[in-house]
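Mind looking over this structure? Questions follow.
For reference, chains read A, B, C, D and E in written order, and residue numbers begin at 1 within each chain.
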Amino acid sequence: MAHKLVIKRSKKAGLAPGTLVHVGQHSDAEVKLQVMDYNAHQLQEYEISNPADCTPLLTSDTLSWINVNGSHQVPVIESLGSLLQLHPLVMEDILNTDQRPKLEAYDGYLYIVVKMLQFSEASQEIHTEQLSLILSDRLLVSIQERPGDVFAGIRDRLRSGRRQRLLHADYLAYALIDAVVDHYFVLLEKLSDEIEALEDQLVKQPTPETLTRIHHFKREMLLLRKAVWPLRELLSRLMRDDNPLIREETRLYLRDVYDHTIHILDTIETLRELLVSMLDLYLSSVSNRMNDVMKTLTLIATLFMPLTFIAGVYGMNFTFMPELDYPWSYPIVLAFMCLVAIGLILYFRRRHWL
Amino acid sequence: MAHKLVIKRSKKAGLAPGTLVHVGQHSDAEVKLQVMDYNAHQLQEYEISNPADCTPLLTSDTLSWINVNGSHQVPVIESLGSLLQLHPLVMEDILNTDQRPKLEAYDGYLYIVVKMLQFSEASQEIHTEQLSLILSDRLLVSIQERPGDVFAGIRDRLRSGRRQRLLHADYLAYALIDAVVDHYFVLLEKLSDEIEALEDQLVKQPTPETLTRIHHFKREMLLLRKAVWPLRELLSRLMRDDNPLIREETRLYLRDVYDHTIHILDTIETLRELLVSMLDLYLSSVSNRMNDVMKTLTLIATLFMPLTFIAGVYGMNFTFMPELDYPWSYPIVLAFMCLVAIGLILYFRRRHWL
Amino acid sequence: MAHKLVIKRSKKAGLAPGTLVHVGQHSDAEVKLQVMDYNAHQLQEYEISNPADCTPLLTSDTLSWINVNGSHQVPVIESLGSLLQLHPLVMEDILNTDQRPKLEAYDGYLYIVVKMLQFSEASQEIHTEQLSLILSDRLLVSIQERPGDVFAGIRDRLRSGRRQRLLHADYLAYALIDAVVDHYFVLLEKLSDEIEALEDQLVKQPTPETLTRIHHFKREMLLLRKAVWPLRELLSRLMRDDNPLIREETRLYLRDVYDHTIHILDTIETLRELLVSMLDLYLSSVSNRMNDVMKTLTLIATLFMPLTFIAGVYGMNFTFMPELDYPWSYPIVLAFMCLVAIGLILYFRRRHWL
Amino acid sequence: MAHKLVIKRSKKAGLAPGTLVHVGQHSDAEVKLQVMDYNAHQLQEYEISNPADCTPLLTSDTLSWINVNGSHQVPVIESLGSLLQLHPLVMEDILNTDQRPKLEAYDGYLYIVVKMLQFSEASQEIHTEQLSLILSDRLLVSIQERPGDVFAGIRDRLRSGRRQRLLHADYLAYALIDAVVDHYFVLLEKLSDEIEALEDQLVKQPTPETLTRIHHFKREMLLLRKAVWPLRELLSRLMRDDNPLIREETRLYLRDVYDHTIHILDTIETLRELLVSMLDLYLSSVSNRMNDVMKTLTLIATLFMPLTFIAGVYGMNFTFMPELDYPWSYPIVLAFMCLVAIGLILYFRRRHWL
Amino acid sequence: MAHKLVIKRSKKAGLAPGTLVHVGQHSDAEVKLQVMDYNAHQLQEYEISNPADCTPLLTSDTLSWINVNGSHQVPVIESLGSLLQLHPLVMEDILNTDQRPKLEAYDGYLYIVVKMLQFSEASQEIHTEQLSLILSDRLLVSIQERPGDVFAGIRDRLRSGRRQRLLHADYLAYALIDAVVDHYFVLLEKLSDEIEALEDQLVKQPTPETLTRIHHFKREMLLLRKAVWPLRELLSRLMRDDNPLIREETRLYLRDVYDHTIHILDTIETLRELLVSMLDLYLSSVSNRMNDVMKTLTLIATLFMPLTFIAGVYGMNFTFMPELDYPWSYPIVLAFMCLVAIGLILYFRRRHWL
């Protein structure tokens, strides 16, 4: 139960809206900006540290993708924001990594927030990373929380020259979102493998640890749904709103990724209901085993208590107990005890306890 | 708990949208294309291996139904796609057998995905198979995952000449969907028979295995609903959207199959709630039997513990225990023990424990 | 748990849409058609066996109500359908008695399906019977599954001459639906009486049979809701759609029966939640009684185990046990045992176990 | 569990719509009509028995409020209905006291049904009483089930002359509904006081009676929601529909009472969820106490069974048991028993059982 | 379980709508009005006691923020209301501190109610305080229940001169609402910290007190949701309605605080589901521990009951028990007892009970 459900943003409380404060994991790493500037014929790729170096890209007629590898340095975001003339609320939201996925239309650009998700096998936890996209006519800026992403395939396509469709910023934005959503499937596969393994274990040999793990996965599912659910509305609006930044042609592709999102939400819901059903199964199997334990106890007690009582009776020290002196008394009592035991066992058999 | 809730599609992650990769069960079988080409007066039926052989069908004025018996061979789908000028996303979706049922309108054709479901009595599991339909003016292409389907009745009607209404591609598409949905009823009948048999068993003699089976059917119901639920929206749109490929006359029939789908969803929901109620019943009956076991134990302990204690008292070896020497002590103690036992039994009777 | 949740319709699977197959309870009884043909001044009432005999009714300017007492004979429905020029899907639906309540508008007539419900006191089950209505300008055809219905009141009004408002087919259709819905109230009354009796029994003396009955009523409620829920939409559309067959005046009456339907659905929901709460109550009372049983066991064991142990100690056969020979040992030990018992009882009192 | 969830209306089944039959509690009391007839300058207040005496009020230009103190006498309602030219369905609904709150617009008047609720401290139950309002231009008729209402405040305002705003029939109707809704708050306060007292008791000392009371309040909540929920839609329509009988000015007030209704529904929902959580708490605390009982039993058994066994061994009558004759055997065995007991107690301590 | 779910408002029942009665915590403190009157160049700040002193502010062309530190004194609110010409219902709602958050548009001003929430670490409870806002063109009036709020940051900005954007009343109103909502995040952080600490404790060492705390937090979550949920609709309407008091520019900011509200509601829902899952975990762990206790008991009983019985047999006093006199009998019986014990232990091992 390590990671937090609620990210600390209390240091923001009381500040003016639009005040730039970083909310999220602290880091001292320098922030690098990866630039890929291309048209159908050529591609320039380089890394810079100062957003101001991007100024020429704003007026060129090539398409530029600026990928910012970290949102923890307020000055970098501030300088980026003033370069692109971003609304203060947009800059605030880029820095605050505890955002819901959302789409906001401003004059001349769209601001999109989605969540990149990573499943850590070690801690069995989902790690989230915020991805902000700023989409304008000939420019796409993507801001991640830290280096490392799921865009290797897109970079390869750009470098290899298969960039016909990637020549428009809206398609490039779609491609990034599609890569993020495709990775959700990888995550769901891993999660569902873990959950189905747990299910097998539950049916074969449930332990108290099984229970803690069911709870753990229910928790992860809550987090996952919280991250994916708003994406549905985001994509629906991106697909339907009449924004000139999104071409008709790209809408077909957005419809596809929208379908994927709904598919993912369906699967999350199915896994959640499966986990609930698994918990019921666990509770019932605990009850069943308790029943078995109780039956054993009751069998033993019911068998030996009457016998011990009989032995107790003939252990009494009364002077006048005529049976004690008959020579056949002892074997008769032993035989009677056997009869009682056999009778009880037959009775248990009939009640299906044995 | 054999079949997977989530189909492996991770090999697709990171690839460009529209990249053709088969997602689903691997197979090496050759893919055959069954062609039925007909008008009111004649019918030609043959099998081919190369989609390119269908070229003449595209321009003829007969109606052609091309049924592709397998979606696991990428080149076949690729050649089919280029023949019909399909959008890359459509080809991708045909190959990816982990789709939600959906309807997508493209220029000149409709792309429809539905799920064929089969209930395996042996494993008590539902097997799903993806059916893709491409509906254009004089052509219907259906792509299945493997040979074997529920369309025998339609083929018989075509061969027997009763094909008046089947002379339009939209009605033929409706007839295929209707056959698929009709088969859902067969599936639901089998499932509900199994569930009601389980219910009877639950009332008569519940076992831990009953519990595992309830969980199993809840799981199958989750899968079933996931496959059928999106069909409702698909049919509603097919029925209401103003697509020229669907004639007014066919909409009446689509309304009928839409009603069937809602009926099926109602029944799924009812069976799900029944399963939940059955689990409650199971848990309660476990508690009841535990109660019975505990009562037996308590009865035995309450009866024999006092008696054993009395016997223990007169088994003590004190030198001065005057009762021990009275000639009537033994019978009196035995009688007293009987009295205690009878008293306790009467007490239990009054508390309704016996 | 006798009646089926899903009616066998598998024999229909694979047949062409519109194929006429009877789905429902088999019967060999002859189908009679009750005709009531009337205007403000006179009424003719007779019974026929052949739908073709109704031909003159179609062109007369009187209002005709044809009540078909059975839907199990395909030829009768077929001949009726050809007489009235019904769409093949309508004829199919009349024969298939496993329909959801629905409303379908065709050229010149409305097709309405509702469910008549009967509560059998003997089996404590709800029996459903499908009622199909075909409403055209001067004609109303009603098709039931078997003789026996809730329309006696309407027939009496027709015969007695109080038929002013019944001179229009739409009002007559409303009157039939209203009679069906009114009967739902009777059913709900009986059900709620049974459920409240069960509730009393649950509070006073719950038995395992109580549990099975709660489950049984939950099941009946599922069935009931499935039959009534679609009626709400049906009536809402009948009331709001601009069909010329429904006069403005009749819409006021339809609003009334629509309100009744919502009232019934509210009551079903309330009874369902009451049943859920009753199950919780049952489970809790089982736990409570188990607690009582366990307490008794623990009291007895805690009281007699120490005492039996003391007796056991003085039953040991050591040669050198000086206490054994003191004349006051026996009474002292007995007194000590009493003290232990009293002490334990006081302890239990303080912990509120006695 | 005294009052009925479903009011007997079966005697209505089979009758023609609009047939006047009283459904509700039977009573023989005479029905009195309280008339308050006023304008800004004067007020006339009197009581009559015959609705026909109200005829002059219909044409006067004063505002008249006729309050009918009972709906159990069919002739009174019938004569009132013919005086006001009410639709037969309205008269039927006034007599049938098992209505959902609803609003129906007819030519020249509105028909409104709301529920007056009373919490009886004695039986801890909510009693409902139907209030029908007939609102026309210069006349408001209110029909209650029995004398006694929550309108004393309104009557006082009318008599005292502060009747400026009450000079319009729509505001007077609003004032009556507002008084009814205000009384719901009183009811909710009492209910929530009872529920919170129950919650305290649950945390301190739960008893089986606590459980029955939780169930009882859940039941009352179901009833309450059923009575209040439809009011929300009623008021929303009254506020938004373009009926000329409701002036713009009054709509502001209706918005206010609409807000109150939503507030009440929120509170009902909150109390319902609280009751569910209380039931969980109860069940858990029962389990906890059972655990305590079981621990005590296990402690006692684990302590005394081994000791009793040891005593039993030295109570055996073998001739050759050398320990029996050693002089230190007895004290050594006693000491060993003490050691065993101390060891077990230490073991329990370590496992936190003591 | 200290604070009330329902605030006493029964004293209002029966009064005319618009009657001014204070509903909430009684207080005798004097009510102070803090006035901040400013334009871009200067700021005047002072405190007054009599609302009538604000008259000049109404006609000045500066922006005035009047903060009323208490709503418990009816005359103050009355005089404020007559100064601003408020509708009687608005004055009534200001005094009644048991309002849902809501937005009401009147001629010339908007009336907004939101809830300020405070988490008390001591009692682990959420305290709510009603904040009423009256927004007109050049004036904003805020009425709190008591002194002490979350607006320190806004006052600092006004005093420090960074008041460019605060020069419009709508932005000032937004800033107040934003400060209130920002504080919800602080509250949620504290609550989620407490809940996650409880979760850790639950996994490590659950106690009955854990259970009471889970219930407590579920209760607080109900309260929280009730206070935040209506805010969503309030902000959505404020953002979308065409009210001239809200400038286009401010709507962007309102969209931002709307997003925050949805984020908060998501988090509340997630925490609620986490609490439900924690309760399940608790119940299961109680069952698990009970199982352990029962196993211990059964082990002990199963081990010692047979042994005690054997000892009892050889404690019988029959004259003819030949084994008693054999010299090896005693060691053989002891060895046999050991064998039985070892056998049982091995049996338990195999059934995984040890």
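As a convention for this text, a contact is a pair of C-beta atoms (placed from the backbone, for glycine too) under 8 Å apart; a residue touches a chain by one contact, two chains touch by 3 or more.
What you see is a predicted model, and the numbers here were worked out from it, not measured in a lab.
Chains touching both chain A and chain D: E. Computed from the mean C-alpha positions, the centre of chain B lies at a distance of 42 Å from the centre of chain E. Averaged C-alpha coordinates give centres for chain A and chain B that are 26 Å from one another.
For chain D, the set of residues that touch two or more other chains comprises 283, 287, 290, 294, 297, 301, 305, 308, 312, 315-317, 321. The ring sequence of chains is given as D, E, A, B, C, with chain D as the starting point and chain E next.
On the chain A side of its complex with chain E, the touching residues are 1, 4-6, 8-10, 12-17, 87, 89, 93, 98-100, 102, 104, 106, 208, 211-212, 215, 218-219, 222-223, 226, 229, 279, 282-283, 286-287, 289-290, 293-294, 296-297, 300-301, 303-305, 307-308, 311-312, 314-317, 321, 323-327, 329-330, 333-334.
Taken together, the chain E residues at the contact with chain A in this complex read 150, 152-154, 157, 162, 174-175, 178-179, 182-183, 185-186, 188-189, 192, 196, 199-200, 203, 252-253, 255-257, 259, 262-263, 266-267, 270-271, 273-274, 277-278, 280-281, 283-285, 287-288, 290-291, 294-295, 297-298, 301-302, 305-306, 308-309, 312-313, 315-321, 353.
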